[in-house]
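We just call them A, B, C, D and E in the order they show up, numbering each chain from 1.
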Amino acid sequence: MILARVEGALVATRKHDRMTGKKLLLVRPLTVDQPNAENFKESNSTLVAVDQLGAGEGQVVLVVQGSSARLGMTDKDSPVDAVVIGIVDTVDMGKRLLYKSQ
Amino acid sequence: MILARVEGALVATRKHDRMTGKKLLLVRPLTVDQPNAENFKESNSTLVAVDQLGAGEGQVVLVVQGSSARLGMTDKDSPVDAVVIGIVDTVDMGKRLLYKSQ
Amino acid sequence: MILARVEGALVATRKHDRMTGKKLLLVRPLTVDQPNAENFKESNSTLVAVDQLGAGEGQVVLVVQGSSARLGMTDKDSPVDAVVIGIVDTVDMGKRLLYKSQ
Amino acid sequence: MILARVEGALVATRKHDRMTGKKLLLVRPLTVDQPNAENFKESNSTLVAVDQLGAGEGQVVLVVQGSSARLGMTDKDSPVDAVVIGIVDTVDMGKRLLYKSQ
Amino acid sequence: MILARVEGALVATRKHDRMTGKKLLLVRPLTVDQPNAENFKESNSTLVAVDQLGAGEGQVVLVVQGSSARLGMTDKDSPVDAVVIGIVDTVDMGKRLLYKSQ
């Protein structure tokens, strides 16, 4: 899974039937570039993930990708490859707190 | 899923039986390179996706990849790994409109 | 799917039983690096794909990857992750012909 | 599979039901950049993996990714794409010991 | 599939039950960086693959990745994503021999 920040949302009127009613977020992957980093490193690219947890802009989320993403959906036959499966509260690097949600 | 712009199309006469009649598009991935970007960043590479929604050249589409792509097809046993599942109308970054289809 | 050019072939005598009789090609991915490019951009790496269509050296082929590759095989339980599913005749970028097989 | 070092952990209170009780680790991929290297090369990014083996901070683990990750879980319908399936004792490069756990 | 050279091996005592008895190799991906190259280009990273064919250090092997890797195993429910399915004898680039095992 990857960590990512919610930055945007998209709308598509013409779409596959099973995508109807699904909330599509634009998220930016976040990593930790070295063990003693004090903040996330933001990716310079984005991907689209479905959200069923009510994630909001600016929140850090956990995203599952690939075929496993379908198991994160209520409808397991959805043609999706990235789904939000958690809204992150804290990330600890050993005893040091790297991130805490507000 | 990824966003991508439709740029071309390809024809293959000799192909796997289950690919008969399928429309093959050449698409260029689009991402947002930083939170305050005003336009998409275009990838410097392309991939091939099947289209069943009637996407046209220049349109921004939503593409699902991997095994989930097959669930976006009418024929779920198609040997495909990238399928257009939406034609994008708008992309919002928070309250700011990044993209609107014409 | 990706486009790729057939450049070589490999032989492996000791192999998994289900790989017996399968033709293994070395292919080089091809992309289009910008919308007005006049030729493919060749990748500086290669991958191995199974061919069941009789693709020959120098031809541009369509390759499906991942679990969907197995659906491109006659034997769907083959341990393969890249299969040629088309031999490309033409690639058009809008009204402009980028590639035509000879 | 990849090798990775355990560096952190994360907590997500709001999450998919099947993620309840799962331990989520932040791990950093490790590779060997050339045959005669004397240490691992640390990736400058991280990913999130589920742990069921009791891996601790600083340990080198074996991580399986993609749909196969689910087979590493007790609950095979978990929406996960990266799971720790081993805690590494030694890595040998031919006759030379590259890594030994403490 | 990818080509890779066997460079090392690893041992993990604490591991998932289904990994018991499996031989874990550290392999380095090999590609051909341009059509007229005279040797493989070695990747500057490595991955871990299961071997059931008896591949030895220095040999060039064919590795299948992703869910298809499981089909290369005797135990198809193994949580693995990379498996050796061939030991390569020769790689030809057209009429030119790029590699021949010794």
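Keep in mind that, in the parts below, contacts are C-beta pairs under 8 Å (C-beta built on N, C-alpha and C of every residue); 3 or more make two chains touch, one makes a residue touch a chain.
These numbers come from a predicted model, not from an experiment.
The minimum number of touch steps separating chain A from chain C is 2.
Comparing the contact residues of chain D and chain E by number shows a mostly separate set, under half of all numbers used being common to the two copies.
Between chain C and chain D, the centres computed from C-alpha atoms are 32 Å apart. The distance from the centre of chain A to the centre of chain D, each centre being the mean of the chain's C-alpha atoms, comes to 20 Å.
The set of chain A residues that touch two or more partner chains comprises 66-67, 69-70. Taken pairwise by the contact criterion, the protein chains form one closed cycle in which every chain touches exactly two others. Round the ring, the chains follow in the order B, C, E, D, A when counting starts at chain B and proceeds to chain C.
Residue ranges on chain E touching chain D, taken from their complex, read 7-16, 18-19, 24, 26, 28, 42, 44-49, 57, 66-67, 69-70, 77-82. Against chain E, in their complex, chain D makes its touches with residues 1-3, 31-35, 41, 52-54, 62, 64-72, 83, 85-94, 98.
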